[in-house]
Amino acid sequence: MNMPRTAKDKAAKLAPELKLRIHDHMVQARLTEELLIRLVRGGQGYFWIGAPGEEALGVPLGLLIDKGEGPDHDYLHLHYRSSPTVLTMGAQPIDLLRQMRSTATDPYSRGRNFVNHFAIKAWNIVPVTPTIETQYTVGPGTAWVQKRHGGTGISIITGGDAGTAEGDFATCLNWSTRPGHELPVLILIAHNGYGISTRAAETQASPHLHERAGPFGMRHGEVDGNDPEACYFALQAAIDYIRKERKPFCLQANVSRLYGHSSSSGAQLIKDERDCLVEYEARLEKEGLLSKDAAEAVHERWRAHLKEAYQQVLQEPMPDSADIWKHIFAPAQEV
Amino acid sequence: MANLAQAIRLALHYGEENLGVTDIFGEDVGPPLGGVFTATQGLKTTWNTPLDERGIIGTALGIAYAGGRPVAEIQFCDYVFNCIDLLKLCGNAHWSSAGEYNVPMVVMTPVGSGIHGSIYHSHSFESIASHIPGWKIVMPSNPLDAYGLMLAALKEPNPVMYLAPKALLRVKGEELIPGEPADEKTLNQMINAPLGDRSGWAPNWPKVEDFTVPLGKAKVCREGQRATVISYGRTLPLCVTAADELRKEGLDFDVIDLRTLYPLDMATLQGSLRKTGRVLIVNEDTEVTNFGEHVLRRLIDTCFYDLEAAPVLLAGADVPGVGLAWELERASVPQQPDILAAMRKLASEKA
Amino acid sequence: MANLAQAIRLALHYGEENLGVTDIFGEDVGPPLGGVFTATQGLKTTWNTPLDERGIIGTALGIAYAGGRPVAEIQFCDYVFNCIDLLKLCGNAHWSSAGEYNVPMVVMTPVGSGIHGSIYHSHSFESIASHIPGWKIVMPSNPLDAYGLMLAALKEPNPVMYLAPKALLRVKGEELIPGEPADEKTLNQMINAPLGDRSGWAPNWPKVEDFTVPLGKAKVCREGQRATVISYGRTLPLCVTAADELRKEGLDFDVIDLRTLYPLDMATLQGSLRKTGRVLIVNEDTEVTNFGEHVLRRLIDTCFYDLEAAPVLLAGADVPGVGLAWELERASVPQQPDILAAMRKLASEKA
Amino acid sequence: MNMPRTAKDKAAKLAPELKLRIHDHMVQARLTEELLIRLVRGGQGYFWIGAPGEEALGVPLGLLIDKGEGPDHDYLHLHYRSSPTVLTMGAQPIDLLRQMRSTATDPYSRGRNFVNHFAIKAWNIVPVTPTIETQYTVGPGTAWVQKRHGGTGISIITGGDAGTAEGDFATCLNWSTRPGHELPVLILIAHNGYGISTRAAETQASPHLHERAGPFGMRHGEVDGNDPEACYFALQAAIDYIRKERKPFCLQANVSRLYGHSSSSGAQLIKDERDCLVEYEARLEKEGLLSKDAAEAVHERWRAHLKEAYQQVLQEPMPDSADIWKHIFAPAQEV
């Protein structure tokens, strides 16, 4: 472990309101994803891939991001399991339903891309790419602009465990640590132990992938990705360090893959994975912050929200064949 | 009847038993999954690789150098584009070393649209693949050819790119693979992994036999006088169906399945074009610097003065991806009605 | 007169001063070397990257996302082939995000044969590059165009691939770049880094001016009636010389320098072909699925019935590399005599 | 440092004959390269790139290789600075002259490739590729066959320092350490401090590149690449370990780049680089093993050898244009 000091200092001091807010966002993300899964199972979409099991990591990340457009704010190079982060940042569940149904109203791709493939310029969320780990080559570019620009904006790159096998992961470690040009980059590995059907233990010598950052002189650490408070502190410590020192950090969070890889593998609930939402609700109940009824009310509120959203999406138009010709090239600008 | 994925599986099994195949590997190629399209279920030399396409291609080259017989899978051709340099190395190793080394390896990868694969999982690869010297390239459109082309690939002392049309992987054949049980259910029970826990499962292989579709040999699927239609992969059966449809209107076509994209079976293509004087080439790769343009140019080189009407390429739209919504996919890559229309127009074009 | 490498340097300097260029980077692009062909000497935003082409392209995309204006160099196009996936991402970012992001970036890379570069350092890239949707592609054949195309590229809100013909980088122009000192020695003294220690050196830039060669505009270099010759890059001046030679024999040609390979200036090409009825396309990329075949097909789509003779592609031999020995290089890519012969044959072909 | 024990145990015990043999091979390699440089400067070849300054590393490697064809022997995935190794293995200087002049008799490429681009099947030297670091993806393939085959053959991959920035270096670390499938791979980094004109210190956070192997559970170490005896022991220890344990090892040797990058950068002698041959001759003289005269005699013998070889090469034919069509595809074999 190589975590910045602050991680421990602040431990166990989350305000009750923040805990409940985290819970609320976790429920929002989970229920949205579960609806997406039901939709794909019901033929209301072609493909699902998403983040159930990663809420304890993604929600705190969403809370800690400096949201906005341009290098003063954080850039996000996300992979396809980032709905908890993006929803926590303020994305609307309905927009995920739109992308799932490939409607013309899908704001992220107008029916072109799979669900959970965001692109939100106002929040510096660059297009999520289906190519595993290419985001690791792109992130240093936004961070380089941020470093030169000054301020506290950072570039956050997320990815899975299996994907670190692509050379692009090493590219990112190298480009973020050029002597004298260390970059404000957060590398966040969501380690769920699998790449589709292949166990990490089958292809990777060590389960501590973050340690690969060490020989580059990059600080790094590991956290229980099923514990939202641990994630909050670990992320906060890492992000504080990056914002201030303008140097990179690599954090690994060990998470669950609650519904398997994607709809291709059935998207069934996997019983023997830890469920961060169940665990957190038990904890909040134990701490006297959230009764079973109160928790259920949160679920109910989001269920109702999602139901209404879904009804709305059903009314919306599908893309037109002529749409394929839109946005191939951006129009020339005045220079 | 075996479907195309099963045909590949049977061919690889034959290769393991009879042609010295030592390694069938790639992402999720080994147990438990046996490939995202089941093409490698139950095979004895499979293994799962790190998620690293460059490692896959490089390792295949190394295995071939060391006397192994590798079959490397790229899970979707959409993910091979960071390896073009390595594919070039495989293709030039023999030439660069002036014959010192040769590289018997097969790379197989699913290509094209047809499974709602969206921007990624719908790419074509033949245009770029055919531009890489030193490779032979095949693309079956039915299970029997899939079997016979794989056997040919496994006998070849040079690198072979085996492109599997995604849309047809689940499509059953009309002809039996030699040795295949006639009953489909029997076959499924013998070689398909069960759902759920597979740890105790082993396939019961039928005794499939040697059957090679020679590299460089196209297949004439339909014969006619009016025009020549050249295609392969997903669009080939659409062309055949269109030809059968148009025959009812009195318009008869040669429909040629290239099967091998490199080297081209120029003799068959020229023979047909000299007969019909008209040609339509159909594929679904994007249309700029498209492999069909190469076919067309080769035909022009030798048969220009035989042409009675402008030769036509029907290919994928020049857009950055195949969109997920059906209307987008439909408009991006040739579909049955597009092919029918193009054939009708070609047949009726004034000479 | 500036040579082509100097013209690029001047254009990049103009871009730094006037067009918001923030980063010119790649392997050995910054001090002390300023690029293996000196194209980036003395510029103020240059920096040296790790030896990692994927990092270079990815970082360029990131810089563009964050509002920068990057010019990324791949030292030789021979080393870009592990990045085709990233180039595809750059090209599809705007479309995939349905217009949310656009990617103003330039990738420049030296291409082609002519410097005894052997198997690597002689590759062409236009065939694969043009198959990647979402990019505009340029390739100058003289210093003035090199300057004007670079300025156009730097003004473009989309990714532009700038292919620099290696063989012509040291060739001087016939026309002055606006603002360039008329005397060549003066220019060299002003902007060429000294040999030896350069740590104290700074360039003394001439006040070069705005001059744009618009993207998508070909240039008619010679006019004639007999046939149309379409080329670009290294082979273009060879075609011009051949045309001048053949004019003495009474054979006059349109010689068209494409300059922009994507999008194609179809109006100019069609106009010429409708006039001459004959066309020769010359480039040096290998001939299978070659960009020239695309040009040919586009012409056939619209002008087939205007053709008086079979259209011809003269391209690189379908071999795995350009060999080092001169006889090997000579035989692998079109040379002056090959072009002359092809033009003469086309001009005399019976209609 | 993470070197196998044996490195120290055997220190300072090289037999005098071996020392002289090393010296002899070093002279052979150096003089061959210096002739190549003179040839390219004199227009007798188009391009030079080679290994002067790496003899203290390359010669011991050549001595320690199990030379032969097939998986029982070592596979060599070399880069373009490997002449000391290949000459020590028994390659003839004349063949390098042939490749420099691109004659039809060049046995490695028949005039197709640059000098120092070997391909020798009888010795398991796979084609040297100009693409930096792609060899790192290929090496695990031959090692995988060797591991399965049994025996003591290993796969040796060499490369420069700058090139480790390519993702392929990480690929090799990963593929050589799959749990239960560790491979007999020697990764040998020849660190000369530069990639063409770019200083390593400009683009790499750490000068100890071998440490990147650590997080993969791979053993690794560093050696003075200008000291042939240190190299011999370090290589011997690493190779012994790999042969026996069938596991990988990453060794970094810090070497000199005596004539700059290549003929493109002038190929002038760089005065302030350490010269391993000068140093070794001084040492052998001090040890009373090699007088100045005896050393000069070795030089003279190789000079004469090279002169004769060169005269021979001048007689030899150049390739014919029709040769481009040879060896595109290997002919079909009986199966």
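As written, the chain order gives the labels A, B, C and D, with residue 1 at the start of each chain.
The rule is short, and it goes like this: a residue touches a chain if its C-beta (ideal position, glycine included) is under 8 Å from a C-beta of that chain, and two chains touch if they have at least 3 such contacts.
This one's a predicted model, so the numbers in the text were calculated from it and none came from an experiment.
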Most remote chain, CA-based centroid, reference being chain B:
D
Counting C-beta pairs in contact, does A-B beat A-C or the other way around?
A-C
Calculate how many whole Å lie between the centre of chain B and the centre of chain C, each centre taken as the average of the chain's C-alpha atoms.
34
Where chain A and chain B are represented by their mean Cα positions, the distance between them in whole Å
37
What is the distance in Å between the mean C-alpha positions of chain B and chain D?
41
Listing for chain A: what residues touch at least two other chains?
109, 112-113, 129, 131, 165-168, 171, 174, 178, 202-204, 328
For chain C, residues that touch 2 or more chains besides their own
49-50, 52, 54-55, 79, 85-86, 94-96, 119, 133-134, 319-321
Residues of chain C defined as touching chain B within the complex:
54, 79, 81-86, 88, 91-92, 94-96, 119, 127-128, 130-131, 133-134, 262, 286, 288-291, 293-294, 296-297, 300-301, 304-305, 310-311, 313, 318-321
Using the touch rule from the top, collect the residues of chain A that touch chain B in their complex.
46-47, 102-104, 109, 111-114, 129-132, 162-163, 165-167, 195-198, 202-204, 264, 318-325, 328
Interface with chain C, chain A side, in the complex: residues 70-71, 75, 77, 106-110, 112-113, 117, 119-121, 126-127, 129, 131, 134, 136-146, 148, 155, 167-168, 171, 174-175, 178, 326-333, 335
Contact set on chain A toward chain D in their complex
165-171, 174, 177-179, 201-206, 208-209, 211-212, 214-218
Give every residue of chain B touching chain D within the complex, in rising order.
19-20, 22-23, 49-50, 52, 54-55, 57-68, 70, 85-86, 89, 93-102, 133-134, 136, 155-158
